[in-house]
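Two complexes follow with chain A in common, the first pairing it with chain B and the second with chain C.
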Partner chain A sequence: MNRRDFLKTTIITGAAFALPGSPNPLIKALEAAEKTDLVAAHGLSPAAITKTAIDGLGGIKSFISRGDIVVVKPNIGWDRLPAYAATTNPEVVSTVVALCYAAGAKQVKVFDHSVVDPRRCYKQSGISAAATAAGGIVSFIDERKFRDMKLPGVVLKSWPLYTEAVEADKFINIPIAKTHGLSTLTLGMKNLMGIMGSSRGRIHQRIDGSLVDLAMKVSPTLIILDAVRILTANGPQGGDLADVKLLNTVVAGRDQVAVDAYGATLFGLKGSDIGCVVAGNKAGLGTMDLAKLKIKRINV
Partner chain B sequence: MHAYSSPRASLVCCRLRLCAGWISSGRRSLVVTTIIAFVFTLLIIMTSNPARAAEVSIQKILPAQGFTEEWVIDGKVELYDKDTLFNHINGEAELYFPYGFDALASANYINRKNQDLSIVADVYRMASVLDAFGIYANYRKANNSWVTIGAEGFASGSQLMFYQDRYFVRLQVSGETNLPQDTLLACASTISQNLPVGVGPPKELDVLKIPALVPKSERYLAQGLLGYAFFRRGMIADALVQDEKMQIFVIHEDTEAEARRTFDQYHTYLKAEGQGIQLTENAARRLIIAVDPLYGGVQMEQSGRYIAGLVRIKNNSLAERLLDELHKRISADAGS
Partner chain C sequence: MIRKIRIAAQGIFLLTFLWLFVQTESKGADDLGYPVKIFLDADPLIFITTIFSSHAWYDTFSLAVGVIVATIILGRVFCGWVCPLGTLNNMVGALQKRRPPRAPLSLHWLKYCLLIFLIVASLFSLQLTGIFDPIALLIRSFSLAVYPAVSYATKAVFDTIFNFNIPVVVNASEFIYMIFKKLWLPFQQPFFLQSAFLGLLFLIILGLNLLEKRFWCKYLCPLGALLGVFSRFAFLQRSVSEGCNSCGACTFDCQGGAAPALKEKWHHTECLLCMNCDDVCPQDSVRFGFFQKTQSAPLDLGKRRVVGMILSGITIVPLVRITGINKQAGASEPKLIRPPGALEEKQFLTRCVKCGECMKVCITNGLQPTLLEAGLEGIWSPILIPRIGYCEYRCTLCGQVCPTGAIRKLELPEKEKVKIGLAMIDKGRCLPYAHATPCIVCQEVCPTPAKAIWLEKAKVMNGNGSELNLKQPHVDLELCIGCGLCEAKCPILGQPAIYITSNGESRSKDNQLLLP
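Right, the complex of A and B next:
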């Protein structure tokens, strides 16, 4: 029985116990959650579309419980201002942090393994200031917190991963959608590399399989793809405003493969054009066939 | 600072003097004088023009302190090689490897008055001038603002890139989206002075210089030209004639046999795709006129070690004319 069948059975069983014609809030919530695999919210306010996208999946309380220690993982990889679309939009990040606290989270931690000088990346991206203002616990990566962990993988059997990310009660992945010299695009699965230690070069040698193995291990509670601005060329570091396209969109979902497959369409590509999406689909991590998914598109 | 130092020259002179010891004393002074004169002449030639010195130390290309009073280095010059390039530019590193990336020197220069403002200067050493051009042209756009530096360069409010000799230089502003171009140019000029002067654009590009060539549209792809693995490497550019835009390309194989094999692979591919193909062959030239599944109308010829062609053709007679012009350029290049 898959998730959808399970939910249908639950709903039907619940309905059988409900009085005919009476509205049952439990059934309605289950129906809403069952019907939506992805939400793509479009609008001028990054904060508003982020909240709308999460609400479309049933709201933040569907993901975060009281007392949770939450890790929010944006892309803070580059020393770039938000306008360059090389790092996650700070307003999207701060909105997620604030929503987690509103849902009762005990702590919301924000970090990334920056490619270049983290001091500059955290500051110039605007993420440090925005997340801190929302109450987030922002920290630089501490190399001592990487620990070699077993992965249920084909390519990667074990790898040093950031303990705070793996041991958190909930992990929310917030990538930005952009081009990438090696993996064509960098979306959700690629953003998970920010919790990996050791040599990036070694990961890049067999990147698609490595990303799927990592995604199997980490399995984020929620993925929020920032497409407020996307980087259409010369990624992942960018640096030229001419390569940036304003889409004013945020995509939210639970299925890592589905979110990345939808992300590909923002660049005029298909999920099948992206190696890790194909590999993730094949490995059973999620589905890349958007036609099989319930996708809600909301204008805010 | 040059790669050739005086201690090394002294050592050479000493060894030559030892050799001279076995020569009869009557001729010794003449031979020694000649050798010493030769060595000194060589040293003068090498040290008078850094461009002609065999190599410069990549660590010394970037200014160690700063490039003006206002812009000073933050930290020190960092060096990266093939194993560590990922640590600086992540997956973008893969783009550089086919172009024979060898070493990168990187430094961050911060503004004394506003330390949030910085310029990251990266100097990449590639395998050849053509490779440096190839990686540079990957970032070049038709609407760039061109600057006079190196073999060619462009700049915006946030970037300046140029190539010179076998070096590709990339300057990136952080903390600002519209820095005055003069600042970037000052940094670039300082770096340029420390690089070999070079020979200008790679001469391999000359074969593309037909009248229909769209200026600054040339690219060199070190692997997978047109996305086809059997086109291992080659040059491509836009061509415009009578308002019709096409793309011209030239592949220069090492041997005629390799060129024939590449041609055959494309022919086989087109046949497998079920496309209508017109193949003409004679002793000197083989020609395909067909429809490529990805690029529409195509004409491609193989002549000696060269393959030349056009894609996105709408008018075959126009394309035929351009192919003839390419053929003449190639013949001239092969004969030179």
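Right, the complex of A and C next:
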């Protein structure tokens, strides 16, 4: 998008908003997009379905403003190649990074607090190379940038969180859908553990409440669930290609609970089977009842 | 002139050594991209004694043989021009500006005794060379003490500035810090057991230069002694012409203490080819040239010393192997978790030269030097201490940098199968067992494709008398490879509720739990 286009859109949008109730087609389109809660895009190109899913929610510009500092948080937790579905699809990540820049973002930062050695995770997952190629600022976690922060929480009152993640203008969560020994599945809310410092293994003692508290605090602008490949067993680290299922799907939404509830259906489960989804629903973080949501399914 | 070329060469070799040392670190791929162990490969002492002790040839011999050939032709050029420890000794020695008031100690025979001792011991399967070999010693000291200390100090300075957070200053310092990180700082601060001890030993070796320049090289270095023997009849000879008036100007500057002023009674085997005598000679009467007929004093240790050292070399073998530690070491020592690809313990010890390369490269810092866990002869050999760092599932770097094949270089599919031990669960400490508290961290992180930790659904009673559903972990003895990731991440700190023992390690026939 060039400057002229930008000005034009801004003026038209401004004019449209200035005339409430007018039958302007643009407003109708905006309202329709507003109403779509979830988009599940299906297709062979991870880049194309990622873009389609975001477009289905109203396009990247409804999330990212000019000059924003954006944090894109994929799952780079493990030392696995992309085919093993233990880490977020690198193409999905690079597409989101590129879209953010296209929407005028000032900086797009990409990082994760890896579980095993970060050098290996960043490299082997392919995310470091892909995100860098798209212009993303890929960095390893710097221990000095964790700060004890208050959470509006029930279980966790405070925890050291990564300042760059919390202080960013916009936070885009890009989890990958996987099984997990305790929380059954690891989806969007579980992926937020990647901004936690300290001995975060302890949160498994009361995982559901902790994740909801964390999700309340971080409150991502947009959640893009990578289900290009999903890991159906031996998660979250995987390691056996037989456990990987190719779904060629990307799910996008604003509601953390809804995205995770939809994610559960990819495994033949329901949102109500996942502890943190139930807890999130109860705490008012979002809606797990998919019947109440407007879901668009698009084939690309 | 030649002296300047020599100093330049020393500088280049030292910088190459340091550069390769810094590159002995993962960048995320499973290879390092540089021949980081090249100085160890070129070390003839390690080469010869390893062949003696392990009764096996090893493939990377061309450089070591090259150094031997170079020594036969030129003399101890390796010591004078190449050896990075020699250069460091030079640099520290340069601090000593004035001629010391006393006569030099002339203990040259000491290093030959040490050499005989090491070679005889290696012939009887005891490999102690690594403790004294200059290259192994230097890499070990740098890896385990010097580099961690310098890194710690640097980080502390930058962190202090960062925490003060003075606007412009912090930007500048962070910029410099970033460059340092890219150029030479480690990815993460290394921590090692015995680092202070090893650092102190190294400081003493450097400090001896203040007593006498190149003290180590002249009197202690067994590699220097070996090369001295090879250089005895080197083709390149030094001659002193008639013009010499025995002014003695060359004596103090001679790096090897070879008594160059003594003309035909000088010690050729101590000459490091530094060319200082040529440089300082006011009469310009020193020449180095090929096929000259010159005389020098013979290398004579005396029969008693030779016989004494041979006997010591033999006696030491049973002596170090009859300690109480040896009784428990080996097959059943639970803490002796060797790196993946390590040979069976006895063979391992005949090869390991304690150079510390594997510990330097270990991606998690988990490989640590032993003190007595592997017996006296195993001092400073590598063991994995999972509490400090686990064994990264898809990493094979330690086997790639091992100079003697004590740790075999494994291909990834083999590495993923090699067991270095087994995990055991301590039910008295484990949260779901002992404390009615959910936790699955060990299962979550377990890296084997089919998880080696399985969860059993269990109903337990908590303190309030109410029933609780949770999952209790079990170790699959067949699948567990003993990598220690579970132990490293177990939330029970201090003494973890899951821990690795060496039991079940692939390399041992005896140290097994299960029927084959």
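To be clear about the criterion, the second predicted complex is superposed on the first by the 274 of 300 C-alpha atoms of A that agree within 3 Å, B and C clash if a C-alpha of one lies under 4 Å from a C-alpha of the other, contacts with A are read in each partner's own complex, and residues count from 1 in each chain.
Operating definition for what follows: contacts are C-beta pairs under 8 Å (C-beta built on N, C-alpha and C of every residue); 3 or more make two chains touch, one makes a residue touch a chain.
What you see is a predicted model, and the numbers here were worked out from it, not measured in a lab.
**Q** Superpose on chain A as described above, then tell me if chain B and chain C fit or clash.
**A** clash
**Q** Output check: A:239 vs chain B and chain C. Expected answer is one of first, second, both, neither. What do you get?
**A** Touch partners of A:239: chain B and chain C.
**Q** Quick check for you: in the superposed arrangement, does A:284 touch first (chain B), second (chain C), both or neither?
**A** In the superposed model, A:284 contacts neither chain B nor chain C.
**Q** After the superposition on A, what does A:144 contact: first (chain B), second (chain C), both or neither?
**A** A:144: touches chain C, not chain B.
**Q** Quick check for you: in the superposed arrangement, does A:83 touch first (chain B), second (chain C), both or neither?
**A** So A:83 only meets chain B here.
**Q** When the two structures are overlaid on chain A, which partner does A:67 contact: first (chain B), second (chain C), both, or neither?
**A** Touch status of A:67: no partner.
**Q** Can A:122 be said to touch chain B (first), chain C (second), both, or neither?
**A** In the superposition, A:122 touches chain C alone.
**Q** Look at A:104 in the shared chain and tell me whether it touches chain B only, chain C only, both, or neither; answer first, second, both or neither.
**A** Touch partners of A:104: none, neither chain B nor chain C.
**Q** After the overlay on chain A, which stretch of chain B ends up in the same space as chain C: 37-45, 55-63 or 307-315?
**A** So the stretch of chain B colliding with chain C after superposition is 55-63.
**Q** Do chain B and chain C touch any of the same residues on chain A, and if so, which?
**A** 79, 115-117, 120, 123-124, 180-182, 199, 201, 204, 207, 234, 236-237, 239-240
**Q** Spell out the residues on chain A that touch chain C in their complex, using ranges where they run on.
**A** Contact set of chain A toward chain C: 79, 115-117, 119-124, 128, 144, 180-182, 199, 201-202, 204-207, 234, 236-240, 243.
**Q** Note which residues of chain B are touching chain A in the complex, please.
**A** It comes out as residues 83-95, 108, 116, 118, 120, 139, 141, 143, 156-159, 172-177.
**Q** For a test of understanding, state which residues of chain A touch chain B in their complex under the given definition.
**A** Within the complex, chain A touches chain B at residues 77, 79-81, 83-84, 115-117, 120, 123-124, 180-183, 186, 199-201, 204, 207, 234-237, 239-242.
**Q** Which of the residues in chain C come into contact with chain A in the complex?
**A** So the residues of chain C touching chain A come out as 26-29, 159, 162, 187, 363-364, 392-395, 431, 437-441, 443-451, 455, 471, 485, 489-491, 493.
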